[in-house]
Amino acid sequence: MNTFGRIFRLTSFGESHGRGIGGVIDGCPSGLSVDFDLIRTELGRRRPGQTALSTARNEADEVELISGIFEGKTTGAPIAFLVRNTDMRSQDYDYLKGIFRPSHADYTYHAKYGIRDHRGGGRSSARETIARVVSGAFAKMLLNSMNISIEAFTTQIGPIVLEQKDSTQFSSELAAENPLHCPDRETAEAMMSLISQVKEEQDSIGGMVSCVIKGVPVGWGEPVFGKLHARLAEAILSIPACKGFEYGSGFDLSQKGSRQNDAFYFDGESISTRSNNSGGIQGGISNGQTIYFKAAFKPIASIRIPQETVDKEGVAVQIQIEGRHDPCALPRALPVVEAMAALVLADACLLARSKELKF
Amino acid sequence: MNTFGRIFRLTSFGESHGRGIGGVIDGCPSGLSVDFDLIRTELGRRRPGQTALSTARNEADEVELISGIFEGKTTGAPIAFLVRNTDMRSQDYDYLKGIFRPSHADYTYHAKYGIRDHRGGGRSSARETIARVVSGAFAKMLLNSMNISIEAFTTQIGPIVLEQKDSTQFSSELAAENPLHCPDRETAEAMMSLISQVKEEQDSIGGMVSCVIKGVPVGWGEPVFGKLHARLAEAILSIPACKGFEYGSGFDLSQKGSRQNDAFYFDGESISTRSNNSGGIQGGISNGQTIYFKAAFKPIASIRIPQETVDKEGVAVQIQIEGRHDPCALPRALPVVEAMAALVLADACLLARSKELKF
Amino acid sequence: MNTFGRIFRLTSFGESHGRGIGGVIDGCPSGLSVDFDLIRTELGRRRPGQTALSTARNEADEVELISGIFEGKTTGAPIAFLVRNTDMRSQDYDYLKGIFRPSHADYTYHAKYGIRDHRGGGRSSARETIARVVSGAFAKMLLNSMNISIEAFTTQIGPIVLEQKDSTQFSSELAAENPLHCPDRETAEAMMSLISQVKEEQDSIGGMVSCVIKGVPVGWGEPVFGKLHARLAEAILSIPACKGFEYGSGFDLSQKGSRQNDAFYFDGESISTRSNNSGGIQGGISNGQTIYFKAAFKPIASIRIPQETVDKEGVAVQIQIEGRHDPCALPRALPVVEAMAALVLADACLLARSKELKF
Amino acid sequence: MNTFGRIFRLTSFGESHGRGIGGVIDGCPSGLSVDFDLIRTELGRRRPGQTALSTARNEADEVELISGIFEGKTTGAPIAFLVRNTDMRSQDYDYLKGIFRPSHADYTYHAKYGIRDHRGGGRSSARETIARVVSGAFAKMLLNSMNISIEAFTTQIGPIVLEQKDSTQFSSELAAENPLHCPDRETAEAMMSLISQVKEEQDSIGGMVSCVIKGVPVGWGEPVFGKLHARLAEAILSIPACKGFEYGSGFDLSQKGSRQNDAFYFDGESISTRSNNSGGIQGGISNGQTIYFKAAFKPIASIRIPQETVDKEGVAVQIQIEGRHDPCALPRALPVVEAMAALVLADACLLARSKELKF
């Protein structure tokens, strides 16, 4: 299952230490001007080695756009792209060939497939998210043309939690000041200190992403099994290390219905709601308010601290994971979260349009 | 989008106050003995009016199995079923015809479709979950034949939280003692008191479901875009009122990687893990450990307390929602959560089998 | 695989001698006025016992519309429908329980599923086409609103072939005069005589359907794997007894490219073609010309003449197939061909619309 | 719609004069030994310039396997591949930029997408079939491991028709002697003479492919909307220039049911049929007999003979199509037909396996 979407569809391929990572975008409407800078920018945000917070693996991540574009515009044909792997050190992984790293996909891949490209995590590597970021950039181009914005923020690292709760009011300017894209200076600094400390400990730490989507019109999302938030959850939880998803009031069960319900009112132009506990989605369909959700990322499983595990014969071994690994999935997960949200929205947009017939 | 699944597929149909609710199960293997009692039991758990905690609407919910069964066994042909609506009081909804109830799908359906069956919520009613419960019973029959069990518990109502955290150790016996299926007597009583009180206040309250799945073999779930937990999230968040999903350690970011990682060991028979923060799923694929997840349900939006809203012309109105409504989505959501989990697992099982070729 | 379509989708269910035949239409746009007469008319055309040419099984085929319609219009919710079986004589089939009728699906179903509803062909019965005719009527309503017409004609019965080749010029008036809907009086009479004779011989005979679709705008159909003609072929060949499909010049290979090619010209209003060997489809996409195709139906496999076969133990037996069977799939296949074509077109229409964005 | 298949899936991409043609195979089981020679052989059969019968465009068509393979075996991860375009002469097409070639996809692509890569046919070029041939080679590897063979023959060129009708008895040895893979020497020579003559006339001619599939076990194919022959028809009609498909007795309506029906008998080992008018498929499911079908290919639309047409403003122009074009789609379509059949069968195999559970 390497395809995501119903109309605007991404098919992803590639391994961490194979020839490269790529994808095919099918169903992108024709006539869209390709924003090559956006693709580069998004890849840059995902790329390792950009800040002191992330691994030193430093690949240029040059994307080759293979098909579907003519004279700077999409043609409606599938858009294939490829980012070649260049800065691989596969020998770093030789000692892991028959060993299952704790909380990685090594054991399950081995059991399921009987064969496994162990180099750098192979197919299960987070390097696969390159395919999402590139395709997400195309989805963003589509959404940008409708003045829809998607922005992901870091709102928690380990026990350090951003105090400001209302993500619809986050300051993009403040967030732009720090590499974690956290909309508060002091919190950001505390988070960065913690990540640095964890890195020195050769350990890892989890974090929370809050994503805010503005400008989505009423009517996107399909009832029952195509609910917008359910599609978002599936998309976001497909990102490596993501363990939880909530939208709107989410896991906060402290309020009763009388407080929780979002009262409708007419704001002079359209129907709006006084509160937004629904997170911009009601009955699975966007209601015109800001959409927001949160996603939890566990600590990266690759740590240098020695760990107990077994090899494929079941023999106990102790390992120390070498290679270049981030101490925290954030901030590099931020553009991936945005990309997956963009894919969901572009797809929902096209599906909604297909049935907007007037009789 | 009223179809769920890739091989084992449910197509759901019906409205709250139309002729009935039903579905078609396609892809169920042939030769499965139909456990008619199980279907009735599951429907009974979902049915209103079973306990003091739920609405008084009391329909027999007799299911007619229309096709796909011959001499008590599935034939491989689609299994269609229908539960007719009988105890409807559509006139209860007449005053709501042009009015948008807060935090309901009224406004979004109206905006998306231009026409809306307003009676009892129409298609957006939680009565649609009957289709899931019946099809889930068939999925459970399939899973039962492999000794896989799925059990959902109530672990939070409003601010009342079950103290026991490790859901893999919940006592089914204790849970069976109370209608909320909460595995602790005192907590259950406190929860029930709160629900009763909220009901008297004509208000509503949210709750948490913890679901535990035992016996799933290694290898179910597909990498990248068919991850088992992402499919579960999509399925569970398709249930009305569900706002969040987490599996394994989920939103708990307190531990570092060195504590969070699940060490592998050989237990004498197979490879196992010493902890289970992964929630039985690694890289999107089941690892043979117990699978567990949590789902948050918001307070039911239908409350008797007067609320401010607008009608479809945008004119402000005050409403008091009549009709028969539960003060809490739990416990009736429990069999629905189990059913959706069963659908995901049955589908993952068949998909995994399709590619288990030996060369 | 009982679902057809990508956006406008039919899920079919039911067996010949079970409780009934039905289906669920998902993805039909909202606001479409339901033409109940059209549904009845189409079912009437498919129903046995309408002419001397078909079986005496005479069921009212009353359709119950279960969901998705409110105040005479579609709501966007799935439209479920059911036609109950009433005039069954299942005991007619008792002697066939363990026997494989030649050129039927008995043996393959038995081998594939291990269990088989043998009564009246069960799921493999042509009675299943009721689901297509009802859903096709909804697709026709959608197409009618765009002034698109679909009309199927009988153009061959056994060796009797209609002389007129250009199906785009067939006379609907002449066709309406005879039950075969053959656009030529003398040919129709010869065909009907042949069918009557074959019926007396207790044998069966094949026939050809030519289908003509007018009014489809340019641009429906998707390149490469969603070609309009390939979808039509799949749809038409899913009808029981259909053995071949061609569109445009089809199997006629007598002309060279210089004669075969359809020259473009500007007709004063739009770009048109001087000939139409392309059958209205170029590169898989409608070009605005009339679409036409042909479908071959083999002789009905059920004949009264004694036949050699085996039972499920492989023991040779002679059978004489009782029950009520048509000597020819035509004319009853005509509305089914139209219905499948309508489903393909409605789906192609919605898919084309989804990507018609202007940037 | 550039994806084909339900479990074993091909996603195709690329244009004739872009960077290359490629694809992604998703769902191929793991552990399959990759037969690199087979891929090369199949590409060689499809490549132009192999015989005097085809165009002089002569590209090495070197395939790069990008992902999904480790140590010579498939890993279960998506297999991406790319064949770069090298021998392009895009300037040959400059004069065609705004002109619609007769019976090509130029006009429909222009109307549908508003933008068109006109160079060499762009996405609608038959060069896209490279993606099918490479993926078909993987499907063949899977089928070969089960001793299933697929062989396509030329059985008609223009008016020259092979006399031998029973394709299940065709001689592979005789066919191997001539480039058309026609199983009769004299017919092959007459066909080749005709093609040469047509080529000199700067015209083109159509042809027929007969495809024979041996070794498919009973039980592949899904009833109603996944019928094996309907899937084959969709697949084969997705090949450029294909206008018709028939299987088994197909369009031959000369026989009555009593002659047409395939009597079952027990051959000592299994249940077999005395004749095979069913073409190896009954009720959409393989019955263990040889599967055979025919496909008609129209004359190639690109001819050097001057033709009347219009440009995108509707102005009449005369064109003479330069570039390197085959006078006949055969024999180069043969490996494409085999590839598409292989994709359908591999997919049907995996789908059938998914539901083979014993209870």
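As written, the chain order gives the labels A, B, C and D, with residue 1 at the start of each chain.
Everything below uses one rule, namely that contacts are C-beta pairs under 8 Å (C-beta built on N, C-alpha and C of every residue); 3 or more make two chains touch, one makes a residue touch a chain.
These numbers were taken from a predicted model, which means no experiment stands behind them.
Trainee: Tally the contacting C-beta pairs at the A-B interface and at the A-D interface, and name the larger one.
Mentor: The comparison resolves to A-B.
Trainee: Have a look at where chain B meets chain D and say same if over half of the interface residue numbers show up on both copies, different if under half do.
Mentor: same
Trainee: Take the average of all CA coordinates in chain B, do the same for chain D, and state the distance between these two points in whole angstrom.
Mentor: 46
Trainee: Measuring from the mean C-alpha position of chain A to the mean C-alpha position of chain B, what distance in angstrom results?
Mentor: Taking the mean C-alpha position of each chain, the two centres sit 26 Å apart.
Trainee: When the centre of a chain is set as the mean of its C-alpha atoms, what distance in Å lies between chain A and chain D?
Mentor: Their C-alpha centroids are separated by 39 Å.
Trainee: Scan chain C for residues touching two or more other chains and write them down.
Mentor: 1-3, 6, 12, 30-31, 76-77, 109, 112, 123, 223, 351
Trainee: Quick one: which bits of chain C touch chain B in the complex? Just the residue numbers, please.
Mentor: Counting only chain C, the residues touching chain B are 1-3, 9, 11-15, 18-20, 22, 24, 26, 30-31, 64, 66-68, 70-71, 73-80, 82, 109, 112-117, 122-123.
Trainee: Which of the residues in chain B end up touching chain A in this complex?
Mentor: 1-4, 12, 100, 102-105, 107-109, 111-112, 123-124, 128, 156-159, 198, 201, 203-208, 218-219, 221-227, 229-231, 233-235, 237-238, 240, 243-251, 253-258, 260-266, 270-271, 273-274, 277-279, 282-288, 296, 298-303, 305, 307-310, 314-316, 351-352
Trainee: Mind listing the chain C positions that touch chain A in their complex?
Mentor: 6-7, 27, 29-33, 76-77, 142, 145, 223, 350-351, 353-359
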